[in-house]
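You will see two complexes here that share chain A, one where it goes with chain B and one where it goes with chain C.
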Partner chain A sequence: MNAPQLDMAAIAPLAFAAFGALFVLLGEVWLTRRRTNEHFINAALSVLSISFLGLSVYCAGAAFSDGTTRVFDPANPMLSLDRFAAYSIALIGIASLLICFASISYLPQVGINHGEYYALLLLSTAGMFLLVGATDLMALFLGLELMSIPLYVMAGFDRRNLRSNESAFKYFLVGSFASAILLYGIALVYGVTGSLGFDAIRAGFPPGNPIGIVGLGLLVVGFAFKVASAPFHQWAPDVYEGAPTSVTAYMAITVKVAAFAALLRLLTQAFGPVTASLSDLFWVLAALTIVVGNVMAVIQTNLKRLLAYSSIAHAGYLLIGFATGTVEGYGAVLFYLLVYVFTNLGAFAVLMALAQGGRDCDTLDDLAGLARQRPGLAALLTLFALSLAGIPGTAGFVAKFFVFESAVASGQTVLAIIGVLGSVVSFYYYLRLPVQMYMSEAATETPRRHAATGELLVLAVCAVVVLFLGFFPSHAPGVLGAVRALEWARSSVAMLY
Partner chain B sequence: MSAPAVFFYLFGAAAVVSALAMVLNVRNTVAAAMSLVVTMISLAVVYVTLEAHLVAALQILVYAGAIVVVFLFVVMLLNLRRDTFAPSRQLLTKGAGVVLALGVAGAFLQLVPQALPTVQEIPPDFGSYAAVGRTLYRDFVLPFEVTSFLLLAAIVGAVVLAKRRLD
Partner chain C sequence: MDLLDGRLLTIVTFLPLATGLVLLVLLRGLPERVWKIVALASTTLTFLLSLLLWFRYDATRPGHQFVEHVAWLPNWGIHYFVGIDGMSLLLVVLTTFLMPLVLLAAWNEQRKQARTFLFMNLFLETGMLGAFVSLNLFQFYVFWEVMLVPMYFIIGIWGGQRRVYAAVKFFLFTMVGSLLMLIAMIVLYGLHQEQFGAVSFDLVRVPGGGVPGLLETAVPLAGQAVWWKTQPWLFAAFALAFGIKVPMVPFHTWLPDAHVEAPTSGSVILAGVLLKMGTYGFVRFALPLFPIAAEQAAPLIFALALIGILYGALVAMVQTDIKKLVAYSSVAHLGFVMLGIFALNEEGLEGSILQMVNHGLSTGALFLLVGMVYERRHTRQISAFGGIAKPMPVFALLFGIVAMSSIGLPGLNGFVGEFLILAGAFVVNPWVGTAAAFGVVLAAAYLLWAYRRMFFGPVEEPENRALIDLDWRERFVILAVVVPIFWIGVNPNPFLRRLDASVSDLLHQMETRKAAALQTAPPVQAAVSALGVELAEGAVR
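And now, the complex of A and B:
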């Protein structure tokens, strides 16, 4: 019996994140024996996590520029590191890494600086890395669970806060339910094709088989739960509101990237030709999600709930790309995810920088008078709100433009119009943030803390990306603009076919 | 009909009946949990008739043993009373559940025979410990290792949420 030929380079990003979690767990024990300063331990563990995530991102970047496909076990392919996986891993890795930076000062401010936070974050990130690289339904499901289980715990990380407990419990129940639906879909697909690998499913999927179609539908519904698309979105506002802000940011940003990327790979690689029949389903999901997300966001007064509905609306715009079912549409989705990561991360980082004295900054009233006390933070939050709304000159506009353009090009004009109208509604609630910051004064003035180095770094990175992609969409030689990034996204999608 | 086939259908029916008993026994949670034990054991017998001996042993150890004990603990801790589940609130839910369950069952009875692929012959060493070990550590080494990280995440999570003091 010969040993299997394993390509360890294919699991390098996953392994760095997973083993990083072990080092963090051990490091916490080792440090608490020697140091008593909690802030030092927290910062040291954060830096440890950042270095492991940095290694993952480096491996993904190398794999992306290399452009070859590495399969972990060619005899039994379950995980591959190709251009598409590398693009998604780099995006998720950078987002997690920046959240670690911002958490250094946020966790002590709200009194939850326990080292397990970073271990859970790394484990969840490892799950996402597996999810986006999975080419087998078993690996896909394990990735999804490894992503979700640490997230349930992180949502309840503020143990003394009832809202946080509620958030964790709701997320756990809905998440388990979604996993069960997905698993049922996997079982049905396995039933009709007799295999779990994407390539084998593609080869053996009988087109007219009703059980297969039901299985595919259940898979899509399971993912719709995870990305909080209407009508499977009701959990998101409650969960986002109750969780600590850094966890909300992590859930809203990385989970969406991982779940959308995995769905994209599943549809193109495993169900290729069958996917066209899902176009109407995605049309309905996209239209419903855009309308529900934008309309419900208008009446929110809690900032985290507002951003939750805003992220639901963004899931709707992303689903437009799925409704087109073309390479251009999927490429626009990947580019949109890139912009979504930096814009949302920026907005959440401002909220994290405003948390102090055990309290999150989470209502619109908390923003009153911010422009006078902290003009820099107010200006940055305005920039990110404008980018979320999609004002020209910001990355958000370019991202929406590419998605709507791909929709029109594939004949989905009505859907593009719904998207544009949704964006118009969204101006109203995004502009409430600057109005509150610049035009109203707080009833009682509490002195605000200065933003910490980690938070400033995150804000700087996000602001640079948002402005740069917004101002330089052109294709000048040697210049890294939005068109270039879109080309990266398209080439990542094109290799899936 | 051969002896394994008789056992297969007998315990298959027992699994379905006890599963129904579990769902319908809303008032008495302990009886529902005990019906679950019967379901688990019947399934284990079904696995034995299908030559999957290791899975049958694991089924008894993990499901009929560990998991049901956890269920009973939860039932004990919650200290549910009979009137916790008032029948009036559940009438609509029950009705909708029965209709949906019958609909799904009907659809599947109609669809399954025409849609399933032909079943392959199983290899002679199927279900043996050696075959399971080879499958786990060679073909499925990645899912196996990922599962261990999944369990680690669950353990760390349980400690984080339930430990009295986190310092």
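And now, the complex of A and C:
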């Protein structure tokens, strides 16, 4: 019997993240024995995680520019590293890496300075890498669970805080429920096709078979839970509110990217032509999610809940792309995810930079008078709010524009109109941030701390990307001419077909 | 001057923003006075450069001049495409003219975050100029929305008591229309792509370029395509966006709030330039793109414009707050402008565009004057004044001239514009013309009445006795506006001459597009009616 020909390069990003997690765990034990300075341990572990994630991102970047598809085990294809996977991995990797940077000073500020944090984050990231590269339903499920289980723990990371515990428990229950639905869907699909590999499913899917369609529907519902699309969104605000801000950021950003990317691959590679029959389902999901997310966000006073509903609304805009079912639509989704990562990360990073003395900055009132005390942070949060709202000149506008453009081009104009009306509502609640920061005075004058280097770095990166992509999503002038984010997104999707 | 050739418009547009960024980033440590001087110098330079546009503009040539075309996102037909014709020229010069005056008028005001305030004003100027010079729909949209942001902050941070409410209302109202317009733009872009097989958001063909502009797209009439691809709906989306901005009744409710709560400079820019964005949008985009729908909608718009004229004037009459009175008078004046535009003839259109400038000058000056007296008395209640012509004779005189201009006294600018508009409206519908002329009478009534209550009679309040008349800075600001008020009133030709070619070009364009659209119509209609006959026959059998 021959040894299988394995292509190790295909799992390089995954391997770096997973090994990174183990190293962090070992490193913590080793460091705690030697040194008692908590801050040093925290910083060292963070730097260790960042280096491993950096290696993952580097591998993904190399694979992306290389453009060839590498399959881990060609004889039994379950996991591949192609342009699409590389794009998603790079995105998730960069987001996780930046969150590690911001966590260096955030964790001590709220008093949850434990080394396991980075190990869990790396493990979950590894799960996402597996999820977006999976070309087999089993690998997909493994990735999903590897992503989710560390997240349950992270949500409850502030273990003395009742809300954090509630958050973890709720997330665990709903997450398990979603996994079960997904598994049921996988079982049904396996039942009608007799296979789990995407290519085999595509070849063997009997058109018009109701059981198969139900299976596909259940798969979509499972993912709808993960991305918090209405009507499967109720868990998100509670979970986002209770978890520490850095974990909320991580959940809101990377999970969404990973789940949407995996769903995109599943729909195009495994179900291809059958996907068209789901157009109406996505239409309803998108419309409902946009309406629910935006309307509910209006009445929130807690910043994290507000951002949770805002992220639900964004899931709605992303689902518009799925409702179109065209390459342009999916390309717009992938570009939207890129913009979503940096805009949201920026907004959350400002909140993290405002946490101090064991307390999160999580209500709108906490922002009052910020423009006078920390004008820089106020200006940045305004920028990110405007980008989330989709004001021209920011990346958020370009992302929305291309989603709506693809919707109109495929005849889904009504959905696009629902989308823009939802955006109008969203302006109301995004504008409340600058209103608080610039137009209200703080009730009590607690001096605010200065943002730490890691946080400043994250903020600078996000602000630059948001502005740059706002003006030059592609065809940038001069030395930056090689940055063609729109084309990258589109070519990543095109290769799935 | 070679440096300016070929990029004059870009320099005019972006000079204010560039100065603003320098102010924000580099000049942080300097004293407030220096910031003000830098901002004033930059806006003045912008004005001088725009005068260069004014004199170099060739009025005999229709079409766009000073054109610049640079690829931005060529794969989607999105370009940086600027150019001006007579209509945009007038509004560009109006904008650059008002801006330094606004900054000068606010010279002595003490405010928090002075640097941010100046930055927002400069940012706003670039936004407005950019919208006026854009010839690419996408680019226009970017400027159109971007300028909301500085205005939002100007009202929200430096405004009056209910500033937050007013700012948010202003923002949301404008957004509802704009976003629907965005969808309509995308639909139009799709139609263009279907017809020509090439992508473009450019309004017109680039001089010497190949891809046809959006203006050459045939937009289906009602019943010829899916509803959202037809002229009435697309026109409605554009008209909603522009109509809210104008503002036309019933979308005007944001205006009194925003004008009253805004600081003086904000009110001046809002009334002077921002409202024109709406009327300009009608002329530049909505009319030539959807000529048939525009013609069909004309009666409705006439009605709304008339309601605006009469309602605005009547509501202005009962105001006790002088700033609110001026705000409502804007509703009435813009009603006139809309009336002239939808007369769809040369007199009406030229009068409307001239009236946009006139309204910018006279209402802008009125807001400046109100601001000056508010600074002294900290009230805007008309009843709090009375007899202040005695302590402030110069103020009374200037206020009188500007009020007369706003009323439309012959010899001043307002008369020329209103006369042309009424002449245009009479041709179309004498009844509408008559009713609108009644609006002029009402304007005289509310302004003169308010003038009498404020300036004449005995000085009753002791505070009014001690009022100090305008100083030289303030006199200069108002006189600067009074000069063009007289100039346009006595000799409107330099202004009208620059409009002639552009306006007749616009009307010609509408005619040809209308003819083309109607020509393509018969086959479809014939097919439909043939089908109808067949069905009817079938039913008979």
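Following the convention adopted for this analysis, the second predicted complex is superposed on the first by the 487 of 497 C-alpha atoms of A that agree within 3 Å, B and C clash if a C-alpha of one lies under 4 Å from a C-alpha of the other, contacts with A are read in each partner's own complex, and residues count from 1 in each chain.
Simple rule for what comes next: a contact is a pair of C-beta atoms (placed from the backbone, for glycine too) under 8 Å apart; a residue touches a chain by one contact, two chains touch by 3 or more.
Since we're looking at a predicted model, the values are computed, not measured.
Contact with chain B, but none with chain C, is seen for A:Pro4 once the two complexes are overlaid on the shared chain.
Looking at the shared chain after the overlay, A:Gly331 reaches neither chain B nor chain C.
Of the two partner chains placed around the shared chain by superposition, neither chain B nor chain C is touched by A:Gly27.
Within the superposed three-chain model, A:Gly321 lies out of touch with both chain B and chain C [touch as defined at top].
In the superposed pair of complexes, A:Ile149 makes contact with chain B only, with no contact to chain C. Once the two complexes are laid over each other on the shared chain, residue contacts for A:Met138 go to chain B alone; chain C is not touched. Touching more residues of chain A than its counterpart among chain B and chain C is B. In the superposition on chain A, A:Asn76 contacts chain B only, with no contact to chain C. In the superposed pair of complexes, A:Tyr438 makes contact with chain C only, with no contact to chain B.
Partner chain B is touched in their complex by these residues of chain A: 1, 3-4, 6, 11, 18, 21-22, 25, 32, 72-73, 75-76, 78-79, 114, 116, 119-120, 123-124, 126, 130, 138-139, 142-143, 145-146, 149-150, 152-153, 156-157, 159, 168, 191-194, 204, 206, 209-212.
Taken together, the chain C residues at the contact with chain A in this complex read 71-76, 113, 141-143, 145-146, 148-149, 152-153, 156-157, 163-164, 167-168, 171-172, 175-176, 179-180, 182-183, 186-187, 189-190, 226, 228. On the chain B side of its complex with chain A, the touching residues are 111-112, 115-117, 120, 134, 138-143, 146-147, 149-150, 152-154, 156-157, 159-161, 166-167.
Within the complex formed with chain C, the residues of chain A that make contact are 371, 386, 391-393, 397, 401, 404-405, 408-409, 411, 413-414, 416-417, 420-421, 423-424, 427-428, 431, 434-435, 438-439, 473-475, 486-487.
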